[in-house]
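Read through the structure below, which is laid out as structure tokens, and then see the notes.
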Amino acid sequence: MTLHTGRHFLQIPGPTNVPDRVLRAMDMPTLDHRGPEFAVLGHAVLSGVQRIFRTKQPVIIYPSSGTGAWEAAIVNTLSPGDKVLMAETGQFAMLWLGIADKFKLDVDMLSTDWRRGAPLDQIEARLKADRDHTIKAVMVVHNETSTSCVTHPLEVRKILDRTKHPALLVVDTISGLASLEYEHDAWGIDVSIAGSQKGMMLPPGLGFNAVSEKALAASKASTSMRSYWDWHEMIAINKQGTFPYTPATNLLYALKEAITMLEEEGLENVWARHRRHGAATRAAAKAWDLDLVCQDPHAYSPALTAIMVPDGHDADAFRKVVLENFDMSLGTGLGKIKGKAFRIGHLGHFNDLMLMGTLAGVEMGLDLAKVPHRAGGVMAAMDVLKGREEVLKMPKAAVA
Amino acid sequence: MTLHTGRHFLQIPGPTNVPDRVLRAMDMPTLDHRGPEFAVLGHAVLSGVQRIFRTKQPVIIYPSSGTGAWEAAIVNTLSPGDKVLMAETGQFAMLWLGIADKFKLDVDMLSTDWRRGAPLDQIEARLKADRDHTIKAVMVVHNETSTSCVTHPLEVRKILDRTKHPALLVVDTISGLASLEYEHDAWGIDVSIAGSQKGMMLPPGLGFNAVSEKALAASKASTSMRSYWDWHEMIAINKQGTFPYTPATNLLYALKEAITMLEEEGLENVWARHRRHGAATRAAAKAWDLDLVCQDPHAYSPALTAIMVPDGHDADAFRKVVLENFDMSLGTGLGKIKGKAFRIGHLGHFNDLMLMGTLAGVEMGLDLAKVPHRAGGVMAAMDVLKGREEVLKMPKAAVA
Amino acid sequence: MTLHTGRHFLQIPGPTNVPDRVLRAMDMPTLDHRGPEFAVLGHAVLSGVQRIFRTKQPVIIYPSSGTGAWEAAIVNTLSPGDKVLMAETGQFAMLWLGIADKFKLDVDMLSTDWRRGAPLDQIEARLKADRDHTIKAVMVVHNETSTSCVTHPLEVRKILDRTKHPALLVVDTISGLASLEYEHDAWGIDVSIAGSQKGMMLPPGLGFNAVSEKALAASKASTSMRSYWDWHEMIAINKQGTFPYTPATNLLYALKEAITMLEEEGLENVWARHRRHGAATRAAAKAWDLDLVCQDPHAYSPALTAIMVPDGHDADAFRKVVLENFDMSLGTGLGKIKGKAFRIGHLGHFNDLMLMGTLAGVEMGLDLAKVPHRAGGVMAAMDVLKGREEVLKMPKAAVA
Amino acid sequence: MTLHTGRHFLQIPGPTNVPDRVLRAMDMPTLDHRGPEFAVLGHAVLSGVQRIFRTKQPVIIYPSSGTGAWEAAIVNTLSPGDKVLMAETGQFAMLWLGIADKFKLDVDMLSTDWRRGAPLDQIEARLKADRDHTIKAVMVVHNETSTSCVTHPLEVRKILDRTKHPALLVVDTISGLASLEYEHDAWGIDVSIAGSQKGMMLPPGLGFNAVSEKALAASKASTSMRSYWDWHEMIAINKQGTFPYTPATNLLYALKEAITMLEEEGLENVWARHRRHGAATRAAAKAWDLDLVCQDPHAYSPALTAIMVPDGHDADAFRKVVLENFDMSLGTGLGKIKGKAFRIGHLGHFNDLMLMGTLAGVEMGLDLAKVPHRAGGVMAAMDVLKGREEVLKMPKAAVA
């Protein structure tokens, strides 16, 4: 067993720090998944996740990673050859594209410079131009974990409404759910995709699909072969609080406790806490005179912050210094910003002093790794946190 | 939380009783799955599961149920339209058939009366007759959990060898692995399918595929669309001790500890312990004058025992009496023996006194539920356990 | 770490099997014992233990063993040279005497044959004869754990009342509390002594004193030197939910959860459950044709059963056989019945099937160790448990 | 249950943050404390604590608080009326005096201003003057937790040697052990007193006495009445790896794991880590322009730092602001510095980023509570931590 002389700082943007209450809930004897005690649990978690997604429609819980939930969204609603619209907002959009390719979708991939959200104007143009409605789905990543840029799903919904386009709106909110404001029903999302190991504060091992009636209807028409991921049997059997195949029972215990904790705090407060920590972290980056990967303030992520290192410096060498000197894991740059950026996760079970330890580790690491920067990031973050004001509200007006 | 005034007896044939050491290992902070500490864990579990499957070839670990591992075996090695030979040994064979159907395999399903293993003579006949080698795979369930009948994989291997048939040998050992003798390499298995929640003594949430070189070669030819289940990227990345997508980290901690425990006991001792408990349970059933579902002594399962209730009696009503009076979960009769049989799981983390508590609960429950039976099952089981002899050795001679 | 291939059966009469819920409650970060969050816990456990002792008077919680709680009762209420009346009901009475001797009490020790409760007639005679009220305390063991004989505290109370004797009534209910009916206030007990690791279902590490106003008054007169055990500072500071010195915080978490579980079950049901298991165990012993240590049915303990082995046989050799063959710990014979008796604990977190596993282990062990006995104990116990009647009610009438 | 949206920062100087490994080790079923599996544990922890105290002589482990270990040291070695020399270095020295008074020792209490270690010159003067050797013991607090001033035990030993005085040297190292350099044998300590909840990284509930042969000899002469605390029966029975009364078994599991962790790190490294964190914290205090309680650099504590708030400001109001805004518990000022000082614990399971989170919480709290200070403490601490030099070595030369 590796020795940690104090707590490891797990500040990658997921998996996140799991609360003791959640770990301990998971650490209980496994139940008969077909017995009455389980059914109580099953009903509790199925209705609980609905409240987290802000939906009254079905939510599917898979024993899987988030990757599996991506695949599930595709194979349930689309058929080989279907045309879909995606946006290359970063590495996770690229990975999702990879799955779409494997299931032979015809993807129209809108490009970006990986430093902002999806290009809404191009989406609108494409949808307007698609008079025949050949585009079956618009698939966007809510919180692109590789760049810390947000694409606001409601803005995409409004485009679909404006253009009166019937395409499904499929949203990956894997690192968004329970960190960023999210409204599956109110925002008219057809499939919301999430996982357990981010804002949900659980270990990895559960994938989620929240689905609309329209998505369910589409799934009946889909010719993609599927069994494990199939929604219909799942939804049918979930009505009894049980599952068609053995669920990851102990992770469901954990899910129940995590939902309890999120509701004790209040989802709005959870969202505000993440905004606050995003603002403090960006203040630190600014003081360090380091560029954010995300160049659009409207797209700043409350869940994590990706930061560029100056040219000629290796972000991964810096991360190694931080890990070895301060026992903190930071997120690596992914894809085309590999080595050029690092990422600070500030999502999930987190608070001000954990953030300050995190930022101090970054600031000391920059120094030890001789990455050019100004001192003072930690001070700047404290100024934000002391302010206690509600910083950087989600710009609702902008999308109204 | 449900009150248990003492430990619940979880005697379904999986999920099984998870050892405290395994639960506690799982109950630790989640790691960065891309960091060096994780890689040590990754290598440890990947090589550990190889030892459990008795293979030097790759073993894939999925965040999934066993159902997912079934699907993975199919979509990696076979293509829509491929002909396969299966045997309807019970409900789990039927469920696996359901998946094969969804992926459009052309299944030749050999029937049985659900009271014995796969019909080896018919398998041999089919393979002999298949001069053109249109059969791409023979798919059998090692330990049919619905009937407690074993199909010995080595016997199937010998048929393939005798008939010089190149079909893949695909074995579901979900409830067999780490309970029944199993030799992936020595028995020439091409794909072995397993899950975490049976003999492996883990909570549900991990699926396994152990694969041969021949299976890997077949997977290159398969046209089935797949991403999550794809072996190749998994095997490539596993070489670094890591995974292509976020693994179920905390279940991997649990897996490491479970492998440690299995190896502390010694796999041969684990197998002998299960044989011993199978013999004691069958002695009890005989004393009760109740029929076993399995009618072939060569096929008796060491992992669980399915028992018929007399005509006119409802096995599920009996199970309910046992649950309500003695806080013990027994397995229900599945499929065509629903209501006619119940199942006693005696696999996983288990010992003599847990078995005696279990059998006493059954005997008292039979009485309270007014199921006709003779008393004395508990006494008969004690006679076996006191004997301490190595009972019911796996009939190696028979298959040699 | 020792390998257990299934759960160890911990059937000594304490420490007892700790519920998972209690262990997991204990497994949480330690709190600031002077902060507001702790005070909530402090108030909860202090009022909770009052409900378990059935008292509205103070209960002291020590970080100590039950031995410490014995000593606390003495040094708070008595002074060197004080005369007290005790009864040698078994080994624990003898150990308590040892403490009384060390604190220089003048003990009048009534003898017994260790096979029944305290000699009430002699107690009455002594008190009657003590016209000058030189006897300052009558000290009895409620549930003598070495013999499984009960002395009913209410019967002693009635003697004190009948004889109008002002001596304090001090009761060791270490292995009685939360297993046997107990009423600190209604029975007029002055000091009740208990520990965490028996019916309270906790790990060892907490000692308890429940005290009456009369005991508190006596403590003001006591000249025994004391600090750690002193009641007064404890009671004063407990009013704020805190403790004069650092409490065993994590055991208090466990205590809170254990009290919750006892109250979910209902104390009366807890007592009935223990009576039921006592009756079943005695039925087994009778069927085995083995003598109980306790020869007075009125004194049979619901919490444990001590059983004699036939002359010429060694109870500890038998216990070793059971431990090595069946991974079960039974209680040894203590003091003058060392080697002649063994003890079966059936108290705490326990249920019918755990009892049946236990009794099967005893019956098989008797056989393997060649201790002369008749078979059938397990069957006899099942007959009792199946009956489901309320067996062996505490003989309230007898003491009314 | 109180909601913590992230980990609570427990920065009182004990109880300290318990490592997950230690909590999880504790969270295992209780064992038969008289069985062979326990004996292995017993021997392991008894020899393990010897290595931590750096002694080959007996170490007693009590189910108690540190307060109990204080009392144990007194009642084993001294008798009512015995003269002892103590020094009022702070509140814990005063509390210990309170116990000495209750056991009727004749204490010569040397006074200090609570801002330095024990007055060595006065100790030397008293011992020199005591020609008749009426002083039976010199009792000092190694790490005075109320003031963060250290009295170096070796310096006291040298005085006793220089003056050829036979008094016992009794050292309270409750908050020193496993944080500060400590050598029971090499420094010639007669009784070392410690507890579980500080540098040992355990929950509270265990007290320790390490004893010399001379102390054991003294204990034979002591007339203090004692039972629970008596060393002799404990030492005798410990030889079998067991205890005379039920030990706090689960805390012993925790102790075993904590010793493993301390030895994985290496005790010298543990000490250096604490020195380093002490230096960083004092650098922060200096930058804040706040006075340390401890005014003698030779006495600075590596385990905690007590800091004065300016006149007219309330340290406890500040602590409340920190707790409510940042979920961090700081230590209160005790005794005569109540309200005038607060204490930062940096001992036990701790690392650089936990310290930085802690200091950031203090700096932000000072601001929010309007305590006059300069900004920059956090920056100053980072400068120390980045330096990575071995700061503030224990001044061995000075005491040589």
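When the chains are written out, they are named A, B, C and D in that same order, and each has its own residue count from 1.
Just so we're on the same page, a contact is a pair of C-beta atoms (placed from the backbone, for glycine too) under 8 Å apart; a residue touches a chain by one contact, two chains touch by 3 or more.
What you see is a predicted model, and the numbers here were worked out from it, not measured in a lab.
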## Note on the structure
Common contacts of subunit B and subunit C, by label, are A, D
### Query
A-B versus A-C: which has more C-beta pairs touching?
A-B
#### Entry: Mean-CA-position distance for subunit D and subunit A (Å)
45
### Task
Using mean C-alpha positions as chain centres, tell me how far subunit A is from subunit C in Å, no decimals.
54
### Task
Can you check how far apart subunit A and subunit B are, centre to centre, with Cα atoms defining each centre and the answer in Å?
35
## Note on the structure
Each of the following residues of subunit A touches two or more other chains, namely 7, 17, 21, 24, 27-29
#### Entry: Touching residues on subunit A, where the partner in the complex is subunit C
20-21, 24, 27-29
### subunit D - residues contacting subunit C, complex
2, 7-8, 10, 12, 14-18, 23-24, 26-37, 40, 63-68, 71, 80, 98-99, 102-104, 195, 197, 203-205, 224-228, 230, 245-251, 323, 329, 332
### Task
Mind listing the subunit D positions that touch subunit A in their complex?
1, 3-7, 9, 17, 19, 21, 27, 261, 264-265, 270, 273, 325-328, 349-358, 360-361, 363-364, 367-368, 375-376, 378-379, 382, 385-386, 388
